Amino acid sequence: MKPIVVVDPPRADRADVAELGRLGVATVFEAAGRTGLLGNLLRPAWAGAAAAGTAVTVLCQPGDNLMVHVAIEQVGVGDLLVITTTSPSCDGYVGELITTALAARGAAGLVTTTGIRDVAAITKAGFPVWSQWVSAQSTVRATAGSVNVPIVIANTVVWPGDAVVADDDGVVAVPRLRTAEVVQSGRQREAKEEQSRAAFASGELSIDRYDLRPQLDRLGVRYVRADSGEADTDLGEN
Amino acid sequence: MKPIVVVDPPRADRADVAELGRLGVATVFEAAGRTGLLGNLLRPAWAGAAAAGTAVTVLCQPGDNLMVHVAIEQVGVGDLLVITTTSPSCDGYVGELITTALAARGAAGLVTTTGIRDVAAITKAGFPVWSQWVSAQSTVRATAGSVNVPIVIANTVVWPGDAVVADDDGVVAVPRLRTAEVVQSGRQREAKEEQSRAAFASGELSIDRYDLRPQLDRLGVRYVRADSGEADTDLGEN
Amino acid sequence: MKPIVVVDPPRADRADVAELGRLGVATVFEAAGRTGLLGNLLRPAWAGAAAAGTAVTVLCQPGDNLMVHVAIEQVGVGDLLVITTTSPSCDGYVGELITTALAARGAAGLVTTTGIRDVAAITKAGFPVWSQWVSAQSTVRATAGSVNVPIVIANTVVWPGDAVVADDDGVVAVPRLRTAEVVQSGRQREAKEEQSRAAFASGELSIDRYDLRPQLDRLGVRYVRADSGEADTDLGEN
Amino acid sequence: MKPIVVVDPPRADRADVAELGRLGVATVFEAAGRTGLLGNLLRPAWAGAAAAGTAVTVLCQPGDNLMVHVAIEQVGVGDLLVITTTSPSCDGYVGELITTALAARGAAGLVTTTGIRDVAAITKAGFPVWSQWVSAQSTVRATAGSVNVPIVIANTVVWPGDAVVADDDGVVAVPRLRTAEVVQSGRQREAKEEQSRAAFASGELSIDRYDLRPQLDRLGVRYVRADSGEADTDLGEN
Amino acid sequence: MKPIVVVDPPRADRADVAELGRLGVATVFEAAGRTGLLGNLLRPAWAGAAAAGTAVTVLCQPGDNLMVHVAIEQVGVGDLLVITTTSPSCDGYVGELITTALAARGAAGLVTTTGIRDVAAITKAGFPVWSQWVSAQSTVRATAGSVNVPIVIANTVVWPGDAVVADDDGVVAVPRLRTAEVVQSGRQREAKEEQSRAAFASGELSIDRYDLRPQLDRLGVRYVRADSGEADTDLGEN
Amino acid sequence: MKPIVVVDPPRADRADVAELGRLGVATVFEAAGRTGLLGNLLRPAWAGAAAAGTAVTVLCQPGDNLMVHVAIEQVGVGDLLVITTTSPSCDGYVGELITTALAARGAAGLVTTTGIRDVAAITKAGFPVWSQWVSAQSTVRATAGSVNVPIVIANTVVWPGDAVVADDDGVVAVPRLRTAEVVQSGRQREAKEEQSRAAFASGELSIDRYDLRPQLDRLGVRYVRADSGEADTDLGEN
């Protein structure tokens, strides 16, 4: 793979991105047809962090953050830097200096499969960051990689310009050309979930609301009393 | 294993459960003879969460939360839902809708070996949840499982109706018929620990308080001065 | 290895230790020539914890904290207890009683590769603790180990008396005889980073500040427009 | 938990155990109603190892194999030693000496959640062993545990006297009082699988043999041609 | 994502696939520009297994192998079944019955991110299989998935019809339309490596053959004698 | 840490090294006072591999094997290359070319905490290699590291010139100046173990041979009959 920096890729619609951010990771994931989740290992640097932006992607060598510096120049207002490596790396690719630079450029946040450092300073600054590791181990700047090429995190492809939403539930990416559709679907889902929440809060049961009892019958689930002798346990030796 | 839902299993004594909750996970684990801990991977959704309740148990297939919906109907005031799967699953089995339903029924909390989602909403609502993962990845509702059968988490059997205590130290289960004994033992331990804490706060040494010096002698532990030449290090090449 | 307790090993200079603590883990790691980091698995018991002290080291058997009790007597004001085991152990070696004893002796904090328990009480007391696990599983007091011998954590040797600094970024150890040099180097680095931070905050790019463009040329990194047909993606099938 | 050694627990029927061994782990697991598997981390010390016996169970402290020595005396012809620990331990609990002693007593094999050592000698001797780890790290003999109490491995309870079957697929336990039933069910399954194998070998499709096509319809699975434009891919940016 | 089965996708050129198989995983990975490796967790069921084929891809729900049965019908001579799941699953998706069916259809092999079972039978039959787990835990057949859609394993996209090569080094996928190019590049690499091997076997040094000494100079690597006092060690306390 | 290559460090005595190799990893580990084991994650590339040599150590950056090429020149007859990285790396640092070069120089083997590739060729050549990973992912040659400095693997320091022994049980390092002592202790241990093995083979019990019964009494271990009602199980609900 030849190292390249793709300049000015098209971005997802800003209004869509903002609305996806309002809907949040769990709703967006559902609305996108249960796709786009970047796994379950990316955690916010500080509880309550939330962000939505358009992806500027970075592919680095393990232990080497040279291309992160290159990527900063490609970041504009509302972009969100998404970093991964050709082999797994837990090193601290990003700290206070890089998040300061990103904030100065109006970046919406940062997501990396590597480690980060300067967690206290990043928390104090309130810059939203998600990473798999926290590590003070710094990196070198010796080898080439690429910026704004499609990258893959947790088996999900992230293209430059895709919408990326992140909160306490993790990180989800929505393909650039699908954001309008996902916004629409997400709003419908939001409305429906609000109705369900109200119903459940007032005591309705989900097996009734979702009409699950016939399915339980088909699956052969039986209700038995605890003292009926049918409440068999299979733990042996009894 | 035939799928069953056991209705109205006997519950541990409410007053005992409340007292076990007051004693906390670490003391209860000790008082129960160092048994009942549900491993070290279950973490609270929000720092400071604490709960105690009687177990309503759920056994699901991986990636399928159908039986959680079935279990909600079996939950009464003071119950605590305990979920596990037949094979490991990191998916988000539970989110805001289900915790809302549980709260409406007076549930004491929720413990699951799977993932959860809607962490921000759950935190805001203050509903106490422990899980091994956070994941927006949702589940299907396609396959049968069981409710209120004995389940095993981290090699500890949890029976329906058992007392379950959870806090920042993790989760511990106490067999239903042993709660009175564990409460008594826990109170004794609590009193003794309070005395030890006061002693240690005022400078007493635990090797004296626990009379460990004779044991050190028996084990051949020697005290040497740093400059004595006996402080050998075994790191090689010196 | 014969079990020994080394009494009164020399400690790193107190003023240096304090200054290293002020500089923080990430800066100290860099200033020490990118050495001394105790891995990326040690996490603070409570967010925002920070500490610096001189190491009193403990080497225990797995599941056995006898030597922690022995070590407490060796702890003086400004010392920081550093615990590891001969084989990995996730058990709860330390809880409220031991941290109370350490606080009473003026200890600066505690670092352990094992688990801890009583997290709520430790958090409330504000005693700074780093561990790899949280676990209510307690230990026995049956087997010998050593105190104030060199121990190895995450492939870094920690000698008794070394400076140990810990914060939200993890834990770093500085050899006792190198603290003055690392303080000096750390201050220089701090000044330089402050300048960089100011520059980045006002919009300067790190690829310019660090003069990385010639290196990108040497490495063959090319800038291409998104619509140029050169923005090749290698995802197959297109 | 008080340390005890239970003497002469009843054993599963020898003929049943032998037949379960002939059927093999995968068939026995199915025949037992998809229960009893001791997880997926226990691997044979040498490829091709296979064994079936009646469990003599051992519960040890981490890093301490005292109770393994105690257990050997309780092992008779056809027994299979099953070892676990109160906390996870990867140490080498068992090596050539202990397997020699077991072989001399007519043991059928050994299963342990810990490590083993002397793999070359064990392989040469052909004694069947399953473990989670290989480690030369030896253990101490300092703390009490129990023999022939129920233990839990990978969330499955193993009672003394249970049938245990192990081969290249892992290890499965069958409750002592269920062996006849599982043998019968296993033979039926074996016959049925033999017919299926013959059918598949001659080209029959499992979707036909298991009549899965109607289910695919119900689930909405559609067949589309690759060149139809319906073979949508959701990888973004196309 | 709507569940679909894509019928008769175009396959990579058979002769290219065979040649890629001859070149082997490591050479193909390099020849493809260091892309296409399906991670480092897929291991052969038996040492020495090697295979090359065109991918028939399967995307299943966790714990559910329904779509594997559907996929078998889509497998032709020279195809290689590649299975993954929407969430991680270690269950035994494939055993002797399915591999028998695949062999009957002329399949080249099977790769799955899940578990497999019947390892002894598969080994005896010599059918080449790679998996991440071995587990007798079987699956249900309840939920829809897709066949011959692009899937992602270890962050590499595998398209139906891609060339897949597997041996003791793991598994690599080559996009269908790139096989000719990779074959050519692989043969050149093979020739070059054969020359290097001969050179190294006769004592030439790689730092000379690859002309690395000038780079070492640039990087500031210094050669020092062991007894020179410059062989500094940074282990502290010396 | 300045990158250096230490030339001609003193080596451990050749005859001692050979004898340590004959004794094997488990015996050497014990004879060295239960020290020196390089963890439990290093596995041989092929079953039955065994080697003993004097360490030539290599410290690389993650994803970069430049210094391995540098190290080859420092390898003489009977040396064993020991590679680790400043941050964890699972990449394939070593393949057929490097092992060919090492064999040509008379190297005794290779140990690396990284991945290896060309496993089939290495196996065929019979060159003994231990690694933590198998991966075709190759590395770059861009960044400096050091050769023949002390390195740390699994918390054990390996100095250049140390004796390193590896077999199916893993890898152990013996400090250069301790080899004679460890040989002597190892031979004594070997003789003693041979006597124990003979005793156990003829039916003697280890609790008698090691006189463990008094200790069991002291620890309060009680023998109870299975039908005595004292064989309490603590699994709840019975």
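Letters A, B, C, D, E and F name the chains as they come in the text, with residue numbers starting at 1 for each one.
Just so it is clear, a residue touches a chain if its C-beta (ideal position, glycine included) is under 8 Å from a C-beta of that chain, and two chains touch if they have at least 3 such contacts.
It should be emphasised that the depicted structure is a prediction, and the values quoted were computed from it without experimental measurement.
Chains that count as touching both chain B and chain F, per the definition above, are A, C, D, E.
Centre-to-centre separation between chain B and chain E, using Cα means, comes to 41 Å.
Chain centres here are Cα averages; for chain E and chain F they lie 28 Å apart.
Residue positions 1, 33-35, 47, 86, 90, 137, 143, 150, 157, 233-235, 237 of chain C are each in touch with at least two other chains.
Chain-to-chain contact here is organised exhaustively, every possible pair of chains being in touch.
Per the touch definition, chain A reaches chain E in the complex via residues 1, 33-35, 84, 86, 152-157. Listed in rising order, the residues of chain C touching chain B in the complex are 1-10, 46-47, 66, 69-70, 72-73, 90, 92, 95-98, 100-101, 103-105, 115, 117-120, 123, 133-138, 141, 143-144, 146, 148-150, 157, 160.
Only residues 24-26, 29-30, 34, 37, 40, 43, 47-48, 50, 167-170, 172, 193, 196-197, 200-203, 205-207, 210, 212, 215-216, 219-226, 230-235 of chain A touch chain B when the two sit together in their complex. Chain A meets chain F in the complex at residues 61-64, 86-91, 137, 140, 142-143, 233, 235, 237-238. Interface of chain C with chain E (complex): residues 33, 35, 150, 157-159, 162, 175-178, 234-237.
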